[in-house]
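These are the structures in question, set out in turn.
One chain, subunit A, appears in both complexes that follow, with subunit B as partner in the first and subunit C in the second.
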Partner chain A sequence: MIQLKNVTCGYGKNPVQSNISFDINDGDVVMITGPNGVGKSTLLKVLANILYPTSGTINYGWPDIKDPRQLIGYLPDSLSIYKSMKVKDLAALHWNAFGVKQSSLPLLKEASIDWNSRISELSVGQKVIFHLSLILSTGPKLILIDEILHSVDPHLRNLALETLVKTMADRKPTVVMVNLNYNEVEHLVNRVIFLTKTGILLNESTEYLLENARLVVADEAPENANVVASRSYTGRTEHLVLPGAGEQMKLSDILTMLMVSTYKLQ
Partner chain B sequence: MWKKEITDTLKQAGLVFSFLLLIPAVYWINSMRLTDNQHFSHYAEAGITLSVLMLVFSLAYMMFSSEDSDNASEYLKSLPFSKWKLLAVKILPRLAVAWIFIFGYCCFVWFPPAQISSNNALFRAGYILDELLIVSVIPLLVMLSGFLTGISDRKNPVLLIAFLLLTLYPLLPGPVLAINLFNKALMHQGNQTVILISIIATILLPSIVSVFVLIPLYKSWDCASGKMRSQIMLKRMAIPTALVTALWGLAFTQM
Partner chain C sequence: MLKIDAGSAVPVYEQLKRQIRLGIVSDRYPSDHRMPSIRELASQLKINPNTIAKVYRQLEGEGFLMSKSGSGFFVKLEREHMGKTRRRLLAEIADEFISQAVELGFTPEELIKTLSAKLERISANDPA
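Up next, the complex of A and B:
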């Protein structure tokens, strides 16, 4: 289990998030979402152990591992990779760094990536696929993906997601992804952390959300119910209650409503 | 990683030494233009001196150029390398190349110690020691400075000037101050070992101490903004840099 305790993180004197705590169970597939600028990517960097928290601790639950990055596969949103190197050279560097013995990357052929080509010659989608296959090739226990799949064409995105699903089925890694495209991954995740500027607004399993989140259409917010979000939409006023009675909702609708409501509060 | 850094180092060194091709061109142009042109060896010496200096500083300055141009700093940090290994991987190939060329330069171009006219054994020993220190320590200081600017903001001119003052101190004002100290010590007939240690300390300590105050910052090196780190670096370096600048001033008054 990965435990974050009272973590404050950010850049410089002004923290992006303060004193946040949550646990991630082994094998969980967590989506971190929330409005722009609330520190989702920053939190992912902290989890990736490449940005140190100003205060607080992270316990990965790997007592025998000296450097947690050994078991982390991090796919940033910035296409951060040595683009001037050849595919084969960077793969060799990566495997050498992680101390694994590999000789090929299965996704390359399907993404039409030549082993001898320079990374700068690849399309954005191919770069993402290459980086993803690279991080998966070291068998990470924790996979961190930061939104980047949005910039990939539908074919390559499908390829990436299928590979991810296969990896999750085979190896049961913990996956944390920052995501704003809910439809695409709602069937993959089993926990959602919704971040706002003031901290974690929601940290629930998708099972709980689908069973208990309900939509109430009424001008006034229902009494004696925990209304977590409200919005005016296509000429009617909707309220999200958790738990409560009302219309059943899809995960993507729950999160979209939370997002709209959060923006109204800001 | 070693392979990448060695390749980068050799490419950068090759780029610097391609300037040597200019020497015959400049010599040829001048021999057409000037009636009393100097011998080619003068041009070669000046060109090689300049190239060796350029090599050391450009290798240090371009230490993180591939991370900057490829936007690969986050990727580098995500690899499970310890900070000390990264320091070694970045510095050692560059330092090795710099040392090889400086050593070659000293053997063929610089005045060998035997040519020193002074009969004073202590002065000769001091000179040889100084030469060895310049050959070995200055490139190390320059590489450390290059590494530190690389993990912060190598485009920050104030930071670059501060590091230049610190790294060039043992080359220019340090020896001037040391020779003055040596002359004063000779007049007072002081202990020779103490004099030697004082000379070394005068030449090296200010720069070494200035670089070492940045160790805590190096230990907290993560993927946070380099610009922010350079601001903290400048604050930490303020007092040592001010002291070294004062020593530069003092040396100029004694020249």
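Up next, the complex of A and C:
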């Protein structure tokens, strides 16, 4: 289990998030979402152990591992990989650093990536695929993926997601992704953390959300129910109750409604 | 081919269970047919492998599938149980139909009338 306790993080003097705590179970597939600018990517960097919290602790639960980054595969939102290197040289460098004996990446052929081309010659989508397959090749226990898949064309995105799911089935890693495109991953994740400027608004399993989140259409917010979001939409007013009685909702609709409601509050 | 209706509020595992049960009872998946592996089906549908595992385990519990260690899940439906299973599926469809109709405020008499009218029209169009 990964435990974040009272983590405050950010750059310089202004913290992006203050005093947040949550646990992630081994094998969980977590989506961190929320409006732009609330620190989702920053939090992912903290989880990746490349940005240290200004206060608070993060415990990965790997007592025998000196540097947790050995077991972490992190796909950032901007890929700062050495442009002038060749694909094969960068792969060799990576495997050497991780002490992995490998000589090929199966995904490259499917993404039409030439083993001998330079990184600068690859398209954005090809770079993402290359980076992802490199990360997966070292068998990480924790996989962190920022929104980057959004910039990849549908064919390569499909390929990337298929590969990720196969890895999930084969090795049961813990996966945390920052995501705004709910439809694509709503059946992949089993926990959602909704982040706002003032901290975690919601941290629930998707099972709990699907069983308990309900939509109520009424002018006035229902009494005696926990209303977590409201919006006016095509001439009717909707309320999201958790728990409560009403229409069943899809995960993507729950999150979209939370997002709309959060913006209204700002 | 199994697929997910993204617009449906029916949970994914429930959608898959129904499709597989229907496939087995309608003989699209005959006895001893090897089901796609959890890994293959999950990656094809982009859903959590645990969801597929849950579906297969539940269908195993219901007597539709059988797991053989190391080689996956296989269809297991004995001919003599077929009739019973088909009737059970029909009962489930009927339950859903009734509960939706009741929600819309129809009376049992109105349901029966609508069903009979529909069925008459179907048999009139289909001389077989």
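Side notes on the structure shown:
Going forward, the second predicted complex is superposed on the first by the 266 of 266 C-alpha atoms of A that agree within 3 Å, B and C clash if a C-alpha of one lies under 4 Å from a C-alpha of the other, contacts with A are read in each partner's own complex, and residues count from 1 in each chain.
As a working rule, contacts are C-beta pairs under 8 Å (C-beta built on N, C-alpha and C of every residue); 3 or more make two chains touch, one makes a residue touch a chain.
Keep in mind the model is a prediction, meaning the values are calculated, not measured.
Look at subunit A after the overlay: subunit B and subunit C fit there side by side. Touch counts on subunit A: comparing subunit C and subunit B, the chain ahead is B. In the superposed pair of complexes, A:M1 makes contact with neither subunit B nor subunit C. In the superposition on chain A, A:A221 makes contact with neither subunit B nor subunit C. By the document's definition of touching, neither partner reaches A:V124: not subunit B, not subunit C.
Rounded in steps of 10, the angle subunit B-subunit A-subunit C defined by Cα centres in the superposition reads 160°. Shared-chain residue A:V165: touches subunit C; no touch with subunit B. When the two structures are aligned on the shared chain, A:Q70 is found in touch with subunit B, with no touch to subunit C. Of the two partner chains, subunit B is the only one touched by A:Y52; subunit C is not.
When the two structures are aligned on the shared chain, A:Q248 is found in touch with subunit C, with no touch to subunit B.
The least CA distance from subunit B to subunit C in the superposed model is 27 Å. For subunit A in complex with subunit B, the residues that touch the partner chain are 11-12, 45, 48, 50-52, 67, 69-70, 72, 74, 76, 78-85, 89, 92-94, 96-98.
Within the complex formed with subunit C, the residues of subunit A that make contact are 29, 158, 161-163, 165-166, 168-170, 183-185, 187-190, 210, 247-250.
If you check the complex, the residues on subunit C that touch subunit A are 4, 6, 8-9, 11-12, 38-39, 42-51.
Here subunit B touches subunit A in the complex through residues 1, 3-4, 66, 69-75, 77-82, 220, 222-225, 228, going by the rule given at the top.
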